[in-house]
Amino acid sequence: MLPIDDSPIVRDGKSLILAMDHGLEHGPVDFEEVPEKLDPSTVFETATHDAVTAMAVQKGIAEGYYPSYEDDVNLLAKLNGTSNMWMGEPDSAVNWSVDYAAEVGADAIGFTVYSGSNHEVEMFEEFRDVQEKAREYDLPVVMWSYPRGQGLKNDTKPGTISYATRIGLELGADIAKVKYPGDPEAMAHACKAAGDMNVVMSGGSKTSDYDFLSTVEAAVDAGAKGLAVGRNVWQREDPTRILDALEKVIYEEESAEAALESVSDEDEEPTDAAVEAAE
Amino acid sequence: MLPIDDSPIVRDGKSLILAMDHGLEHGPVDFEEVPEKLDPSTVFETATHDAVTAMAVQKGIAEGYYPSYEDDVNLLAKLNGTSNMWMGEPDSAVNWSVDYAAEVGADAIGFTVYSGSNHEVEMFEEFRDVQEKAREYDLPVVMWSYPRGQGLKNDTKPGTISYATRIGLELGADIAKVKYPGDPEAMAHACKAAGDMNVVMSGGSKTSDYDFLSTVEAAVDAGAKGLAVGRNVWQREDPTRILDALEKVIYEEESAEAALESVSDEDEEPTDAAVEAAE
Amino acid sequence: MLPIDDSPIVRDGKSLILAMDHGLEHGPVDFEEVPEKLDPSTVFETATHDAVTAMAVQKGIAEGYYPSYEDDVNLLAKLNGTSNMWMGEPDSAVNWSVDYAAEVGADAIGFTVYSGSNHEVEMFEEFRDVQEKAREYDLPVVMWSYPRGQGLKNDTKPGTISYATRIGLELGADIAKVKYPGDPEAMAHACKAAGDMNVVMSGGSKTSDYDFLSTVEAAVDAGAKGLAVGRNVWQREDPTRILDALEKVIYEEESAEAALESVSDEDEEPTDAAVEAAE
Amino acid sequence: MLPIDDSPIVRDGKSLILAMDHGLEHGPVDFEEVPEKLDPSTVFETATHDAVTAMAVQKGIAEGYYPSYEDDVNLLAKLNGTSNMWMGEPDSAVNWSVDYAAEVGADAIGFTVYSGSNHEVEMFEEFRDVQEKAREYDLPVVMWSYPRGQGLKNDTKPGTISYATRIGLELGADIAKVKYPGDPEAMAHACKAAGDMNVVMSGGSKTSDYDFLSTVEAAVDAGAKGLAVGRNVWQREDPTRILDALEKVIYEEESAEAALESVSDEDEEPTDAAVEAAE
Amino acid sequence: MLPIDDSPIVRDGKSLILAMDHGLEHGPVDFEEVPEKLDPSTVFETATHDAVTAMAVQKGIAEGYYPSYEDDVNLLAKLNGTSNMWMGEPDSAVNWSVDYAAEVGADAIGFTVYSGSNHEVEMFEEFRDVQEKAREYDLPVVMWSYPRGQGLKNDTKPGTISYATRIGLELGADIAKVKYPGDPEAMAHACKAAGDMNVVMSGGSKTSDYDFLSTVEAAVDAGAKGLAVGRNVWQREDPTRILDALEKVIYEEESAEAALESVSDEDEEPTDAAVEAAE
C-alpha cells in the first residue's frame, strides 16, 4: 500500500470503478437484456461520466477501444480473468503483462485473488510479480479480493470479508475490492482491518436503484472509499442517471434517498415500502 | 484487437485462410482420399489463388515449403497444435515461437485456445505471451477459439460460439475463428459479441459444394468476415473451382447459387432439392 | 550461516523479533480482543522499544507504515506467507522479492520452511533463491523452521525441533526460529544441533506473563539467542511492560521472576503458585 | 525441415546413424553378450567406418570419448533420454543443452518425442526449444518419433508410423527415425507422409544378418533415406562386416542377398530357407 | 566425463570424500552417540587428514565453517538434499546454486540422482543444469547415483549398481558414488559399465573396522577409485586411526588386515574369526 490520493483513479479520496470484464468472466449472457452493450464503445461512453474514476477492462477491449477514450477515461487494466466454463478450483489466467498494460496507457492495475482456493499460493505469487512490476511504473494496484474455493462455504460472511481486505493490505494492494458483507458493522470492521488501505465495495448483480444506492450509502458510511460496479450501471437503461446518483452518495455523502430524489425529475422513485424498510 | 484492414491477410475487410495443419491435428488419415496432398507443395499451389489471403501451417511445413511461395502466398504461422493421440483434457503444444515465425516470414500468427478445458488457464497465458510478442512484430493474431473439455456437452450451441468470439475480443485477438453455430441468428449474435473484431467461420469437414457455400453465404450475411477452411478446399478434386466460388460469396457477397453457377460451366450443379431446401 | 553479530537485528549476540504477520497467516480474528492493533502503526510504535531488534511484517504493511518508522525500527521483511483458508499441504506463497524488500529498506529477510510437507522440496528451493539473493544485499536470513505436514504427528517433540534448527544451519539460514520443544534439555540439544547458528524461540499464543517469561528464560539458559514474538506482546494491554521484562530476561539474563518484579511497581505479580510450580 | 543434403550426416542423400545410448535407455543389460562394448571406445572405433554418417550418444559419452574421434566420426548429440526404471507415462529427460552440444562439437541433434504419451504436449514444447536453438547453430535435427503411451495399443501399425513421420515434418525435424511398420507399402506411405523430409528406419533388436539387411533393403526401396541402428551393429561379433553390407544396401541400393554375398568370403551365408521366405 | 586426475579432489587417481550432510538427510539422530560431532568444526578437523581429498557438505555448513579450513580441506559442494521427513517419491531439493558454490570456494560439485523415482526426469534435468554450469567453472561433478523409488524392490542388486554407474557416465558425471553391490564381481562389472569414469564406493552405516576396511579393499581391487564415507569415519571415536588405515587400503592398495595392523599399536585388532571369515 502506497499513498494514492493523488492518483487519477481517486477523486476526493474515493473511487468509482466502472468494470466491464463480464464478457470474459460470465460470457455474452450478461448482455442478454442490453445487447447493444456488447459494443464496448457504449460502456466507454458511460465511463466518461465525471463520477467514474476508472474503467476496468481486459486487454483486448483496451487495445481496441481505449485509444478513442484516453482523454476522457482512466484505464484500469484488469490483468487476469477466466471464463465461467472453467471447472477447476477458482483460478484466473494472467492475460496481460504489466509492461504491455503500461504501453496501452493504463492508469492502474486490477488483479483478482481467490484466497482459500487450491490456487491461492500460485495466485499470491502472480500478484507479487504484478504488484512489484506495477511499482516500477507507479501504477496503483487494485485487488479483487475474493476468498473462494474448497475451504469456503460462505464467501460473504463478515469474517471472510475482513480477511479479504486484510490480505489486500498485507500483500501490497492499494485498493481492495470486496463483496458487501451484509451489514454496516461488518463492513466497518472490514475497512478497519485494511488499515490505511482503501476498500471499495463490489457492485454485484443488478438490483433496484434504491436497494443498490442504499447499500452503497451504508458501505461508504462504514468507511468504504467507493465502489467498483459493472452490471448495476451498464445493465441499466439509463446509466447516466444512476451515475448521477452514485456521485452524490459517494463523493458528497448524500443519502440514497436524497440522491435518488435529485435525479428523479423524470422517473422511478423509491417506493415508500423500500424507504421504510431501510430506515 | 487492433485495426487490421491494411494487413496483407485481409482483402476488402475479409479473409480467406487456407489451413493445412491436419497432418498434425488429425494425422495422415485426413489425406486418405487425396494422397497426393500429403505433399504440402500441392496445397501451397492452391493457396496462390487470389481468393486466399493466408495459408496456415505448422513450423516444419513453413520451413520446408514457404520459401518457394513467399512471393505468392501470405504465411499464417499456426503456433500450437497437438496430435489426436493425446488423451488428456484438450490442450495444444506451442510448437513455434513468434520470434522464429517472424524469421521464417510469417504475415500473421494463429493460436488455438480451448476455453472450458482444464488447460484453459494455461492456454490463456500462453496466448498472452504469443499475442504480446506478436504486437512487437506487428503481426495480426488469429485465435482458433474452440470451447471444449470437461464442462462442455455441445461445442457448437449458440451461447458457446458467442462466448468463443467474445473471448477472442477480450484476450486481444484480431480475428477469431469459430465453428458455425447452426443458424444465421446465432452467427449474427456471435459476430456482435465480438465488437469490432473480425470473426471468420471455420470450414469443418467436407460437404457438398452447395451446402458448404450456402453456409459460408449465411455466415457472411450474418457478419462473418470470411472463412478459415482446409478440408473443404484441398480434399476436393478441383480446389480452384471452389475457391473461385468462395471468392464470389465472400468478397462479392454473391449467393451460393449464383457463385456455383458462375463456376459450373464444366460440372456439378446444385440439385434442385438442395436449392429448394435452402430457400 | 554467516557471522551476524554486527547486524542491526542483533544486540549483544541476541535478537528480539516482534512479528506481526498474523493478519495474513491467521486473519483479523487474532485481533479480536485488541481491535485497535488492526492499525499496524500501533505495533510499529511498540517496536520502537529498545528491546526489539527487528519487526517482521509482510510487504504491504512495510510499504505503508515502515517509512514513518525507519529511523527507529529495523525491518525484517517476511517474504512468504499464506492465509489459513489454504486447505492444501503446508505451503507458503512467496509474496515479496528480495530485490524489492531491499528497496523498501529491509535490514533482514524472514522465510518460512515447512520441512516434512509435500511442498518441502519446493520450499527448500525457494529458500535457496531467497538466501542467495539476500547474500548479494548482505541481509541476514531468518528461517521460520517449522516441520509440518503429512509425515508429522507432533511438531514440537524434541527430535523435530533439533531437526528444525539443523535444517536452518544446513540450508544457510543465519537464525532459525523454532517452537519451544517443551523442556530445557530438548532446547539445549536443538541449539547444539544448530552449530554456530543462532536459534530464537517462537513466542506462540498468548499466556500469562510469568509462564511466558519463564519459558523465555529457560530457552535462553538453554542456548537460545533470543525470541521471535507476536501475540504475547501486542495482544497484551501493555506491550511496553512485557518488553521491559523481556529485555531483562534476554539481554541481561535475569530470571523471569526478577524481571517481572522490576516491572511490577504498578500491577500483576506472579502468583505464589506459579512461582512455586516453576521452581 | 530444411535442406540437409550438404550436411555431414548425409551421404548421397542418405544417412546411417550408429546409436549407442542403450546404456542409459536399457542399462548395461544390453551389453551382456558383448561386455567389451561397455567401453564406448569400441563403438566409436566401429563408427569410423565410411558407411556411418553419424554416431548418436548421450552427453557424458561424447565428453569423454568424442575428442579422440572428432576427425573420423560425426557426432549426433542425443539430447534426451531416460532409464528404463522410469515407471511413469513415456517421457524423456533433456540431459544436454544444444549450446553445450555445439561446444562439444555436435554435427547434428537427436531428440525423442513420444506422441500419444501424457507428456506429448511437454515433449513437443521441449522439441520446439531444441529445434529452434539448433537452427541458430545450423545443426540438423533428427526426431526419434515414437508414438507411445496411454492411447496406443500397437506402436508399429502402419497408421501410427505414418503419423510419426508426419509429426516429424510438421514440427520441424530434418530427419525422422521411425520403427519399420511391417511391410513395404506401409513404409512407402510413411515416407510419403513425410513430404520432402528424410525418414530413416530404426534398427531394433538384433536379428539375423539376412533378416536385418532385407528389412533395410525393403525400407530403402520404399523410400527410407537410411537407417539408425545400434544393437544390430555393435552387438554383432563383427560390426565391420555388417556395415560393409549395409553400405551396399543403403548407398548402392544392392539387394540384401547380393550385399551379404559380397561380404561373405569368410562366414555365415543366408540360409536357403530365409532367402526363399523373403522372395 | 572429463579427465580429472589433475583435480585437487583426486590423489594418485583415487578419491576419499568425507561426507557430512547427514544433519540434513537423516537429522541430528545420526549424531546421537557422537553429540560433539554436531559441531561441524570437528568433522572439518578430521577432513584435514591427508587421506581425505574432499569434504562434502551442504551450503550452510560450508558458509559457516569452510573459511577456517580452506587452506587444508577441498570443498565438495553437495548441492541437493532433502530431509527424511519427506514422504513423497524420492526427490532432492537443489539447495545451492553452482554460481554461489563457486563463490564459497568449491573444488567440486556433488549431486544426488534417484533414477527410477517418479522424479527421475526432473532430477536428470536438474543434473544437466548443474553439470553444464559446473563445466563453466571447471569443477568436477560427483553424482550420488542411487536408483530408488516406485520401480525398485532392491537398490543394491548388481544390475542396479551397474546401471547406476552407467547413468553417471551417460549423463556426464566425472565420478559416480554408488552403494557396494555385495560382491567383488558385481562391483567390477559396475566399474566396467562406467567406462573411463571413476566410481567410488559409498561408505554406508557404521560397521566394524575390519568389515569396513575389507569391503573398501574389495571395492578398490574391483576397480573402484576410492570411497565416499561419512558415518564410518566421523561416528568413530578415533576418526584419524580409520583414515590412516583407509589411506593404506585406498592409495597404497594394502590389504585391510595389513592396514589395520599398521595402525593398531594402540587398540582394537581384527578378531581371528573376522579374519578367517574374510579369507
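A, B, C, D and E are the chain letters, set down in written order, and residue numbers restart from 1 in every chain.
Convention: a residue touches a chain if its C-beta (ideal position, glycine included) is under 8 Å from a C-beta of that chain, and two chains touch if they have at least 3 such contacts.
Owing to the predicted nature of the structure, the values given are computational and were not obtained by experimental measurement.
Counting only contacts among the remaining chains, removing subunit B from consideration leaves everything joined as one piece. Superposing subunit A on subunit B by their CA atoms means rotating through 70 degrees, a value rounded to the nearest 5.
Centres computed as Cα averages put subunit A at a distance of 37 Å from subunit C. Computed from the mean C-alpha positions, the centre of subunit B lies at a distance of 60 Å from the centre of subunit E.
The residues of subunit D never reach two or more other chains; the list is empty.
Viewed as a network of touching protein chains, the structure reduces to one closed ring of chains, two contacts apiece.
The ring sequence of chains is given as A, C, E, D, B, with subunit A as the starting point and subunit C next. Against subunit A, the residues of subunit B that register as touching in their complex are 1-2, 115-116, 118, 120-122, 124-125, 127-128, 131-132, 135, 147, 149-152, 159, 162-163, 166-173, 189, 192-193, 195-197. Per the touch definition, subunit B reaches subunit D in the complex via residues 21, 23-24, 27-29, 31, 35, 38-40, 58-61, 63-65, 81-83, 85-88, 91-97, 100.
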